[in-house]
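To keep things simple, chains are lettered A, B, C, D and E as they appear, and every chain counts its residues starting from 1.
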Amino acid sequence: MTRLMQKRSRKTGLPPGTAVHIGEKRTERTRLQLLHYDAAQVTERELEGVEEGVNLRPGTGVTWVHVTGVHDVALLDRLGRGFGLHPLVLEDISNTDQRPKFEDYGDYIYVVLKMLHDGTQGQEIKTEQVSIIFGKDYVLSFEEAEPTVFDPVRERIRAGRARTRERGADYLAYSLLDAVVDNYFALLEQVGERMEELHGALLASPSPRMQQSLHQLRREMVLLRKSVWPLREVLGGLERGQSGLIGKETYIYLRDVYDHTVHVIDTIETFRDMIGGLMDIYLMSLSNRMNEIMKVLTIIATIFMPLTFIAGVYGMNFRHMPELGWEWGYPLVLLLMATAAGGMLLFFRRKKWI
Amino acid sequence: MTRLMQKRSRKTGLPPGTAVHIGEKRTERTRLQLLHYDAAQVTERELEGVEEGVNLRPGTGVTWVHVTGVHDVALLDRLGRGFGLHPLVLEDISNTDQRPKFEDYGDYIYVVLKMLHDGTQGQEIKTEQVSIIFGKDYVLSFEEAEPTVFDPVRERIRAGRARTRERGADYLAYSLLDAVVDNYFALLEQVGERMEELHGALLASPSPRMQQSLHQLRREMVLLRKSVWPLREVLGGLERGQSGLIGKETYIYLRDVYDHTVHVIDTIETFRDMIGGLMDIYLMSLSNRMNEIMKVLTIIATIFMPLTFIAGVYGMNFRHMPELGWEWGYPLVLLLMATAAGGMLLFFRRKKWI
Amino acid sequence: MTRLMQKRSRKTGLPPGTAVHIGEKRTERTRLQLLHYDAAQVTERELEGVEEGVNLRPGTGVTWVHVTGVHDVALLDRLGRGFGLHPLVLEDISNTDQRPKFEDYGDYIYVVLKMLHDGTQGQEIKTEQVSIIFGKDYVLSFEEAEPTVFDPVRERIRAGRARTRERGADYLAYSLLDAVVDNYFALLEQVGERMEELHGALLASPSPRMQQSLHQLRREMVLLRKSVWPLREVLGGLERGQSGLIGKETYIYLRDVYDHTVHVIDTIETFRDMIGGLMDIYLMSLSNRMNEIMKVLTIIATIFMPLTFIAGVYGMNFRHMPELGWEWGYPLVLLLMATAAGGMLLFFRRKKWI
Amino acid sequence: MTRLMQKRSRKTGLPPGTAVHIGEKRTERTRLQLLHYDAAQVTERELEGVEEGVNLRPGTGVTWVHVTGVHDVALLDRLGRGFGLHPLVLEDISNTDQRPKFEDYGDYIYVVLKMLHDGTQGQEIKTEQVSIIFGKDYVLSFEEAEPTVFDPVRERIRAGRARTRERGADYLAYSLLDAVVDNYFALLEQVGERMEELHGALLASPSPRMQQSLHQLRREMVLLRKSVWPLREVLGGLERGQSGLIGKETYIYLRDVYDHTVHVIDTIETFRDMIGGLMDIYLMSLSNRMNEIMKVLTIIATIFMPLTFIAGVYGMNFRHMPELGWEWGYPLVLLLMATAAGGMLLFFRRKKWI
Amino acid sequence: MTRLMQKRSRKTGLPPGTAVHIGEKRTERTRLQLLHYDAAQVTERELEGVEEGVNLRPGTGVTWVHVTGVHDVALLDRLGRGFGLHPLVLEDISNTDQRPKFEDYGDYIYVVLKMLHDGTQGQEIKTEQVSIIFGKDYVLSFEEAEPTVFDPVRERIRAGRARTRERGADYLAYSLLDAVVDNYFALLEQVGERMEELHGALLASPSPRMQQSLHQLRREMVLLRKSVWPLREVLGGLERGQSGLIGKETYIYLRDVYDHTVHVIDTIETFRDMIGGLMDIYLMSLSNRMNEIMKVLTIIATIFMPLTFIAGVYGMNFRHMPELGWEWGYPLVLLLMATAAGGMLLFFRRKKWI
């Protein structure tokens, strides 16, 4: 559950607009990757300091600075001043416990969203905050750790394939959003497969271990939902916002990524429904199993209690018990016992218990 | 659950607007059926290549190209270029994991929806994606596999019956939408009948096998809901959109198909409610059955335990047990036992257990 | 559950706007009752054919044609042509599986709603579709079977009482709507009484038979809800619609019937809540009863098992068991047994089990 | 549940706008209290007939007629004609099964709401319908039975305290609304205390008697909700309505009473949540108790069954059972039994059952 | 549950706008802290009487009067008159059972919200009402008890750090709101940790004591929700309100605190979801445990009942029981018993019970 809330308490009492890193402690050096392109050419460099990056806006083409690591608050501050960002934006970038949102500051648009990946081999889903800022001719993107999901976008720009090179910063920002949302589908696919497996296993033979898996799935859905649901508003807002920073053609693409988000949300809700269904299967199987156990107990008790009683009667030491002297007493009692047991069995068969 | 999500992961990392077939693997050749009609005449042909189809828009009448199979991306691409479609549209047509939606591109309107049919003899509902594009004088429709639901529309055009022949592409597009929605009613009817049967069976004598059927029904409702619910927005949007491509008269028909969709959604929600009710019947029957079992056990134990105890007492080997020597000891003990058993039976009858 | 969905499949594949009777098969002759009135006089007649009715609109006063039976599609067709109705309207009238709705066709307004009555003596609620069409000077009303709920309206017109005679077709249409909604109250009253009875019975002593009644009530609520809920939109739409066909004064009345509908819906929701509560009472009583049964079993077993064991010990045939020879052995053992039983009883009393 | 629905069926079939008393039968004489005031003076009188009251509007100041009893339909009729009320208003006043609503008739505003009081000493909440009509210079208020909640308002007018005397009819109407809403708080306080008590009792030791109380609370919440929820719309509508009858200053007060209503609704929803929580506590306690019972049974059975079996073995009458002849046979068997019992006890302790 | 509702009944019957202290009884003296600042300097003083404070608005800079304690109604009254506050505002300040809300009175804006802190060491969350009034050049803030959460704001003003000193009263008001909302995060963090702990404990070994903790958490969530949910409307309203009292720059900050509130609400909803999940874990563990117990009972009974029966048979005293005389009778019977027990064990292993 810690994953559901980062430690914000360190921030309590500080003035608003103070950038404080909130999130997992990290010590890696912050990395800045600059990529400048227009239809004709691409320049790519690893920046040493922030100042460099700021000067690299030659007036034509698009400048993309990708920052890996948001814990170096001083660096963020310099970057923010360089690009003229509002202090609240810097605060939000370094505070990794943000709700996805978008804010239009006129000169630039600021978007926060959540990247989700499952840890290496483990089943726990991890959230990472991604911030995207785009103005007329630049895009800044921020990730908490080593990037992976934006690599294909960079690859495409390098290769000169697709439309990115011919278009502006708005299209690049869209491509980054699209990359994040596409990533959700991959994740949901995985979750869907685990659900499918669990479903099969539950129908075959439910075990308490599956209850754990169910709970795990449910918890992940809660987390996913919290991360993705607000994205709908974000993208809906962007699409409706009619900001001058976004070209008319790009709106069609934004609508597309909005539709994808709605599709992701639909799927999450459907998965929640399905998990509820699995829960019910499990609970019913518990009840069925209990009925099963009680039936065995009842059958055994119902057959042997009367028999034991009969045996008990003829184990009494009364001096005057004529049956004890009969020559056929013992076989007759055995017969009586067999009859009683048979009667019980018939009774159970009629009740469809056996 | 695989049916709830197609494998989209193949697409991750590709530039937006790249048409990639997502969905069940298919190898059949894509089939293109061309149908051109106006009030006076109907021309019908199987197309060999895409180029042909594009030239068949003589300026008067309506051209309908129905494409069966969306896995041949190259063919779709040529078709798209021929009709001037946006790359995102082509991407969405071949990606069969779309959420139903409509998009107005000015020159043409693009509608995605889901066809539902139950597989041959099996009970599993299968979804198939249907795309409909209509412009001023043409309609393109795309199905994943061999068409069935659009046949009556084609039949009516051929026969010259009904209004389709006298009207434009918008009316044809409406007819296709109407055919899909009508299909939902047929499906719901079937589901309703299975529910009815299950209801009767549950009231008669619930069995774990029915739990399976219940879960199956519930799962299908989740699937149905996911497919049909967004259609409401789609048709509502079309109706309100006031696109110049849709004639005034056709809006009345769109309102009608919109009403049908709302009716389908209502019915789905009602069915979900009913399935919840069946679930409760089943759960209560489990509880009732458990009570039943426990009652049997308790009655048997409560009668025979005291009797066995009495027998046990007179089976003790104490030297000084005067009762053992009494002439009427044995009959008296039998009487005592009968009395105890009778008392218990009376107690149970008073408790209404027997 | 068949009542939740009429067989629509007969209609699949037919062109839109084709009137096909969907609903219970009926063979009675369709009956047409004409009633023409103005403030001064009332004319009333049973029509033989449709043509007659159409001519009976003399320009002044209001013409009301009430049609009983919607299965004679040809007759409906002639009527529709006579009054200039849209084919979709005729389709909807004869298709008795409509969702309540209203449609403003400019010259006339078309309203579909559901009448609910409980069958003679049985408890099953039956739905019947009622269509009302009203234009400037005429009202057409359609019922599936012999009318009952509109009789008081006709009676009032005949008697000249109330305001109907002095007002237009809009007021008559309102009166018919009002009659239908008033009918819902009567029905809810009945359901409320059955709930009240069941409540009492459940508190007194729950039995599996009540589970049946509960389920029945719940099912009826689902049906009622499905029938009445859309009426809210219908009447809200009529009220807001500001159609030229509805006089200003009549809007006040429409608001009133709208308020009644909201009240009916509130009551249905409240009833659903109450039924949920009854369900919980029943479930808890099952649990309580189980606890009761288990207590009896546990008490009996806990008392007699140790006693039987003691008896068993002194029933052993060891040669060297000194207690067996004691003169007071038997009474002492009986005392031991009584003490053990007493201890157990004390234990149970302390646990508040007895 | 009768309290949830008044008998409306007497009204079915009557023309709309017919005032018919619906509600509890009452025979007391209807009482009319007139109060006329302006900033300078107050006149107060008990009216004998309606006509008198109508004449008492001298043009200045505010006239308040409070009617106790709405079953005298003829009197209401005369009153309505005197003040020019719409027949539907009169119908609604005497029909005490109204949903709270407000209607702006231009010259006057009509508000219906529900007063709630708990019966003398009993726990059942009783609803009473209150109607308030206010025009430019008069207020009519209607209660079903002897008034109590409006007394403080009257008292304040008499005493000349507060602002009522200096303001118009709108402020008086607001004061009456405020008195009703304040009353809800008192009621909720009581309910809250009963919940608190029940909570304590449930945590201490749950008993089936508490289930009854829980159900009672829940039922009352359903009733409360039905009565108060629509009030939100009523007051919101009044506030937004911008009727000319309500002065600007009074709108601030209406906003205040609106806020109170929202607060009441919030509290009701919170209470429903809490009752759900209490339900869960009760259900879990039933489960815990069942586990407890079963544990006792299992422990006893598991200890004594093996012991009884051992005793049974040495109670067998085989001629060749060497142990029976051993000198230490009996003590050894007793030791064996003690060991078995001890082992079982250890097993249970390890399982944390004892 | 008393915490969910303050005793308002003392107020019933009083005229609206009468300030009456509702809430915990308090006797401490009300404390007034005045702080006046502009960009250049800060003056700070403890006020003796209200009159003083009112005069301390020199026309430039911002005057902040913080009032600790709202039970001294007379003092509030004087203060209210001094700053020209509406009587309803004073009523709401002293009535600590308010729903969070904001009201724009033109000259000043009035905001009520709830501060939440957990009591010293205990786990119960306590609510405290905070009122903030701000006009053009002053801010009044009211707390029920000794302030803690506003101290950092005061500290920052004194230190001259941050932006507060350079900005107007609107920014100070925002800072106070921000301080309250930041506080919610700290609280949620704590609750999250307790949930995390409980989760671990539940998975390890559930105990009835945890049910108590669960219920406690759930209750707190209900309380939190009631306090925080309305804040969304409050801040949304402030942000949209476009009051002239709030500077353009401050709106960006209000949007930020609004986003935080939405984030808090999201987290509360997520926590409710998680608590529901914990509830399910607990319930399932109860069921699993019951199954476990029943299995032990059934295994023991099923093994020993047949054995005891066999022993009983050979304990019968029939004269003619040939087996009793056999030399190998006893060992054979022991063998038979071992075989029966072994068979049962195999049966259970096949059923996966052991």
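Methods note: contacts are C-beta pairs under 8 Å (C-beta built on N, C-alpha and C of every residue); 3 or more make two chains touch, one makes a residue touch a chain.
Chain by chain, the UniProt names read as follows: A, B, C, D, E = Magnesium transport protein CorA.
These figures come from a predicted structure and were not determined experimentally.
Participant: What chains do chain B and chain C have as common neighbours?
Facilitator: The common neighbours do not exist; no chain touches both.
Participant: Between chain C and chain E, what distance separates the C-alpha centroids? Give it in angstrom.
Facilitator: So the centre of chain C lies 41 Å away from the centre of chain E.
Participant: Take the average of all CA coordinates in chain A, do the same for chain B, and state the distance between these two points in whole angstrom.
Facilitator: It comes to 26 Å between the two C-alpha centres.
Participant: At least two other chains touched by the same residue of chain E: list those residues.
Facilitator: In chain E, 287, 290, 294, 297, 301, 305, 308, 312, 315-317, 321 touch at least two other chains.
Participant: Is the chain-to-chain touch network here best called a line, a ring, a star, complete, or other?
Facilitator: Contact map by chain: ring.
Participant: Beginning with chain D and continuing through chain E, what order do the ring chains follow?
Facilitator: Following the ring from chain D in the direction of chain E gives D, E, A, B, C.
Participant: Within their complex, state which residues of chain D touch chain E.
Facilitator: Per the touch definition, chain D meets chain E at residues 151-152, 156, 161-164, 174-175, 178-179, 182-183, 185-186, 188-189, 192-193, 195-196, 199, 203, 252-253, 255-257, 259, 262-263, 266-267, 270-271, 273-274, 277, 280-281, 284, 287-288, 290-291, 294-295, 297-298, 301-302, 305-306, 308-309, 312-313, 315-321, 352-353.
Participant: Okay, in this complex, where on chain E does chain D touch?
Facilitator: 1-2, 4-5, 7-9, 11-18, 86, 88, 97-99, 101, 103, 105, 205, 208, 211-212, 215, 218-219, 222, 225-226, 230, 279, 282-283, 286-287, 289-290, 293-294, 296-297, 300-301, 304-305, 307-308, 311-312, 314-317, 321, 323-330, 333-334
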